[in-house]
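Per-chain numbering from 1; labels A, B, C and D assigned in written order.
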Amino acid sequence: MTNVRAAGKAHRTERLALIVLRGASGFFIVSIALLIGYLAVEGTKLFTVDHKSIFEFLFSPTFAPDQGHIGALAFILGSLFVTAFAIAVGGPFGVAVGVFFAELAPKRVASAMKPAIEVLVGIPSVVYGWLGLTLLVPLIRNTTGSTGFGLLAAGIVLSLMILPTVVSLSEDAMRVVPDSLREGSLALGATRWETIWRVLLPAASSGIGVAVILGIARAIGETLAIQLVLGNAPVIPAGLLSPASALTSEIVMDMGGAAQGSLLQHSLFSMAFLLLLIAMGLIVLVKLVARKAA
Amino acid sequence: MSRTALAALLLGAALAAPAVASADTSLTAAGSTALLPLVKASAEAYQNQHNDLKISVTGGGSRVGITQVAAKAVDLGMSDILAKGYPDLVDHRVCVVGFSVLTHPGINVKNVSKKQLQDIFAGKITNWKDVGGADVKIVVINRPRSSGTRAVFTQTIMGDVPVSETGLTEDATGTVITAVRTTPGAISYAAFSGTKKFEGGHYTTVEGIAELSIDNVAPSEENVQTGKYPIWSYEHIYTNGVANKDESRFLAFIQSNSAIIHQLGYILFRDMKVNETDR
Amino acid sequence: MAQAVAVSETRERKAANSARGRRAVDRLATGALWAMALFVVLLLALFVCYMFYLGAGSISWHFLTGLPSELTAGGGVGPEIFNSFYILILTLLMTVPIALAAGIFLQEYSRTGLFRETVQFSAESLATVPSIVMGLFGLLVFVQTLRWGFSALAGAVTLTLLNLPALMRVTQEALAGVPATYREASMALGGTKWQTIVRAVLPSAVGPMTTGIVLISGRIFGETAALIYTAGTSVAHGNGAYDFNPFHTAETLAVHLWYTHSEALIPDVDRIGNGSALVLLVMVLIFNVVARVVGRQLTVRLTGKG
Amino acid sequence: MQVTVPTEKRSLDKMKIEDMNVYYGAFQAIKHGSLDVPENKVMALIGPSGCGKSTFLRALNRMHDLTPGARVTGKITLDGQDIYADDVDPVTVRHRIGMVFQRPNPFPKSIFENVVYGPKIHGENNQKKLMEICERSLRSAALWDEVKDRLNRSALDLSGGQQQRLCIARVLAVEPEVILMDEPASALDPIATSKIEDLIGELKREYTVIIVTHSMQQAARISDFTTFFLLGELIEVGTTSEIFTRPKDKRTEDYITGRYG
C-alpha cells in the first residue's frame, strides 16, 4: 500500500524544508553579526584610525569635529536625562495602570480600555513628536517664558511613549503571580491594597523590573519624537527648560552630511555603536533579572 | 514553499538590478536648503514642459548634498559652499544668494555692527538692551554643522570667533524662519530665498520676522551685487564626474531660467559687480 | 475580671480602629489606581480628539491624492501615501517568508540546542537595535556601498531587518497556540513533519499570525527614523509620482511629516503636518481594527471554530 | 520477565515486543516489557492509572520520537521487521500502525478533509478515489449514514462520539495493519461508548487492534487477549477469559477484584 514515489517525494521535501528553515534562522545570526561587526569596526575608527581618546569621547562636552573636538558627553547626558525623566514619570504610572488591569479592573472595563492602550503602541513616534511640537512646546513656552524646546518637552513625550510597554508587561507580570498567594493573603484578613502592596508586587517584582528595563530600552533608542522637541543644542543642558541633544537626535541631524571617513562620520558611528551596546546591555540585564526570578 | 521561493527571487533580483535601474531616466538632487527652492521650482517647471525625466529634489543641508553626491547616492548635490577635498566632483555654479540676519520683530533693533553681531553669536551679548533694543533675552538659533548657510555665516561674519551653541538648532532654512517668528528674542541667519518674497516687482521681508542691517548696510539685492553687504555666496550644484546628458539638460534649464532665479530671491551672475575673490 | 474586660475592649477598639484605617487606605489606593487608569485613557482620547481637531480641516480628496508641493501652499500627500503602502508591501514580501521559516524552525524543529539559542539571542538583540542605528547602517550599506541610492528597496530592506524579530515572535506564538493533538494526529496518520506543519498546524496558526502581521504593518507604516536616509525625503514629480521602481526615491507619509517640518519651506506646513499626522493616526487605528477582525475571520474560516 | 500467550491459543503474531524499556530522561517508565501480539485479534492493555500502559502503546508506532527526552530500547517487530531499525522511517511505521487517541482530535477542517487527510499526504490526489476512500472509511467506522449529507461541514460540529468515530475513520483511510487505541471511549457517554465498542468488534476482522482501557468491563467485553500492567512492568498476559477468571499472578487477581482502584 505504501506509495513509494510519494514517500520519496515527501522525503525530499522534508530535507529541502529543513534546509530553508535553517537558512532563514541563520539569517538572524548573520544579520546581527554583520550589524555588530560593522558598527564595531566603524564605531572604533575614531580611536583606532583617528587616534582620538575614548575618554574625550565619553567625558568631554565639546563636540566640534571640524575643529577636532569629538566629546559626546552632551549627547550621552541628554539621552540619559530624557530617559531617566521618562522612566521616573512613565514607569510608576505604567506599573500602576498595569496593576489596575491585572487586579482591579472589572472585565468589561478592561476589555474596553486595553485596546485603547494598545493603540498607543502603534502610533508612529513622529506623530508623538508632531503633537509635542504643536501642543506641548507652545504650552511650555507660554507658561515658563523659555523657548519651550528642551528636556521637559522631550521627557513628557517619551513618558507617554513608554507607557504602553510598561503597562502591558507589568500586567503580565502580575497575572503570573499564583492565585494561591492572593487567596492566602486575603484569607489572613489583608485588604486588597495590602495584598497588592505587600504580597503581589514583591512576588511580581522581577517581571516588573523587566517591564521597566524594556521601557528604558524603548526610550533610549527613540529618535524623532524627541528630535522634534529637544531644541538640538549640542551642549550640556543647564536645566529642564533649556535645549539639549541626545545621541539619537544628533545622529539623525548629522548623518546625511557626514563625509565618508570624516571625523564627524566616525563620531556618529561611535555614538551608534554606544547605543547598540546600551541596547544589548539592557537585553542581558533583562535575562539576568528573568533568571533571578526563575 | 512558493512564498519562500518568491522571496529568494526578489532578493536575488534586488541584488542584481542596480545596474538596470541606473539606466532609468530619473534624477535626484539633495543638499542646501538655501538653493532648494530654485531647484525644486525648476524641477516642477521642467517636468511640466518635458516628459523625459523624473526629478526628485530634497534638502538636508549643503554638506548632505556634497556627501551624498560623492557617495553616488544622489545625482546632483546642492551646496552654498565649495566642495573642498572632493576631486571627483564637478562644480556647476547656478547663481548667487544673499543671507539675511533675521530676528523676532519685538526687539526694536534695526541695525548692528559686525562686532556686535559677533558678540551676540559668540554668547557675549545676551540681551537686546545691550545693543539699544528692548529688554529681551537673546535666543541664538543656529543651523547644524551640515548647513552651508552656517558655514557662509561663520566665514563672513564670525571669522575665528566660535559660535555659541546654547540656543536652539534648527534643521533648515524654513524651520529657522518658523522658530524666529515664534521665539521672542530670537536671532538667526537664512538665505534671501527664505526671508524675502517677490511681490509686485520687488522684494519684501516675509511676515513675522525682521531683517537686520549690518554696519548700516541693508540686506538687499543691490547691496549684494555691489559687494557692500558681506553675507552672500555662490550657489553650486555638483555632479559626480562630468555631467551626463540628463544632468546637463536639467542644469542648463536651471541656469537659463533667469525669471525663476530672480523671483525666488536669487541673484544672477550677470548682475554681480564683484566676485567672490573681492571679499 | 473587669480589668480584663476593659483590656480586651481597648484591644478590640484598637483593632476596629486599625481596620477602619486600613479600609480607608484600601479605598484610597483603589481610587488612585482607578484615577490613574482613567487618566491614561482620557489622555489617549484627548490625544486622538486633538489630532482630529487639528487635522480634520486639512483632509480633502485633493490632499489625499494630490502631489506634494514644497514651495507653494496647497500640496497633497498622494505619492507619500502610495509610497508608504509600497514600502510596506516590499517589506512584508521579504519579512514574512524569513520570519515564518525561522519561527517554524524554532518552534517545531529545534526546541533545544546551541543553534536555537543563538538564533533566539540574535533575534532579541536585533529587536532592540534603535531604528536610527539601523537607518545609519542602511545608509552606509544599502544606499552607498551597494549603490542602491535613496530608494524604496533600501528602505524596505532596512525595515525588514528592523521588523524580522517581531514577526518571528508572532509566528512562534501562533504556532505555540496550536494544540499538540493536531500534530499527534497528523504524525500518527503517517504524515512527515513538514506535511504535518503545512497541512495540520499552519492552518490553525494563520488567524493569530495575521493579527500579528497587521499590527506590525501598522508599525512599518509609521516608521520614520530608519527611512529618512534610506528611502529618502522626496518623491518624483510629474507623471512619476506613483512610482513602482524600487530603485527610485520613495518618501513615505511618516517621513513627509518629519521632513515638511524640518525643511518648512511650504507656507502651509502646519496644514500639511496636521493632515499627515491625522492620516497616520487613522491608518494605525484602521490597522488595529483590521488586525482583530481579519484575524478572527480567518480563524473561523480556516478552522471552523469561533 | 517473559510472559507469552500460551502457544495453542495463538494465531500468527503480528507484532513482537522483546525487552522494551522506555525512559523519560532518567525515569524508567517501562521496564523490560515483552509481548507478542496476535494478528486480527483485539489485545487489551489494562492496569491502574500511571502503570505505563499508554507509554507502552505509544512506543509501538514510535510516537515517543516526538517527545523530547523520551528514549525507547529493546526490539519491536512488525511482521518480523524491526520498526526501530536505523533504516526504518518512523513515518512509514506510523503509516502501517495507526493510532486513535484518548480524546477525539479531529482537525479543524471539514469531515471530508479529515478522512482523506492521510491518503492525501501519502500522495493520493484523485478526487474520485478520495471520495471512495472517504465513503468506505466512514462506512467502516459506522458513521457514514450520520454524516453523508454534510461532508463539507466542520468536523468540530460533530458530537464527541461522532468525532471519535471520525478519528477512527481517518485512521482506516490510510489502511493500516495495526490500530492502536488509547482509551478511545474514556471521554464519551455510555451510548457513544457502546457504538465504539461494537465498531472495535467489527474492526478485528481486518485489523489487529491494541487498546488501552481503564475499564475492566470494557476489556472483558471487547478483547480476545488482555495484558496487565503494574508500575511499568508487564505482569501477566493471557486470553481475556483466563485473565478475568483464573489470573495466575496474585497482583493481577488483586487488580481484577478491585483492590487497586
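The working rule: a residue touches a chain if its C-beta (ideal position, glycine included) is under 8 Å from a C-beta of that chain, and two chains touch if they have at least 3 such contacts.
From a predicted model like this one, the values you see are computed outputs, not experimental measurements.
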Touch-network distance, chain A to chain C, counted in steps: 1
Specify the chain with the shortest distance from its C-alpha centroid to the centroid of every protein C-alpha atom present. C
What is the chain whose Cα centroid lies farthest from the Cα centroid of chain C? D
Check: interface with higher C-beta contact count, B-C vs C-D, is B-C
Between chain B and chain C, what's the gap in Å when you average each chain's C-alpha atoms? 37
Length of the line joining the C-alpha centres of chain C and chain D, rounded to whole Å: 47
Averaged over CA atoms, how far is the centre of chain B from the centre of chain D? Could you give it in whole Å? 82
How far is the middle of chain A from the middle of chain D, if each middle is the mean of its Cα atoms, in Å? 54
In chain C, what residues contact two or more other chains? 97-98, 100-101, 139, 144, 192, 195, 261
Counting only residues that touch at least 2 other chains, which ones in chain A make the list? 10-11, 13, 17, 20, 24, 256, 260
Per-residue multi-chain contacts in chain D, two or more chains: 91-92, 95-96, 121-122
Mind listing each pair of touching chains for me? A-B, A-C, A-D, B-C, C-D
Over in the complex, which chain A residues touch chain B? Could you list them? 13, 16-17, 20, 24, 64-66, 138, 141, 147, 149, 231-235, 238, 242-243, 245, 253-254, 256-260, 264
Given the complex with chain C, which residues does chain D contribute to the contact? 61, 63, 66, 68, 91-92, 94-96, 98-99, 101, 103, 105-110, 117-118, 120-122, 154-157, 167, 170-171, 174
Counting only contacts in the complex, chain C reaches chain D at residues 111-112, 179, 181-192, 195, 199-200, 203-204, 302-305
Going by the contact rule set out above, which residues of chain B touch chain C in the complex? 3-4, 6-7, 10-11, 14-15, 17-18, 21-22, 24, 26, 28, 30, 33, 36-37, 40-41, 43-44, 47-48, 51, 54-60, 68, 71-74, 171-175, 177-178, 194
Quick one: which bits of chain C touch chain A in the complex? Just the residue numbers, please. 22-23, 25-26, 28-30, 32-34, 36-37, 40-41, 43-45, 47, 50-51, 54, 97-102, 104-106, 109-110, 115-116, 118-119, 122-126, 128-137, 139-141, 144, 161, 164-165, 168, 192-195, 215, 218-219, 221-225, 228-229, 254-255, 257-258, 261, 270, 273-274, 277, 280-281, 284-285, 287-288
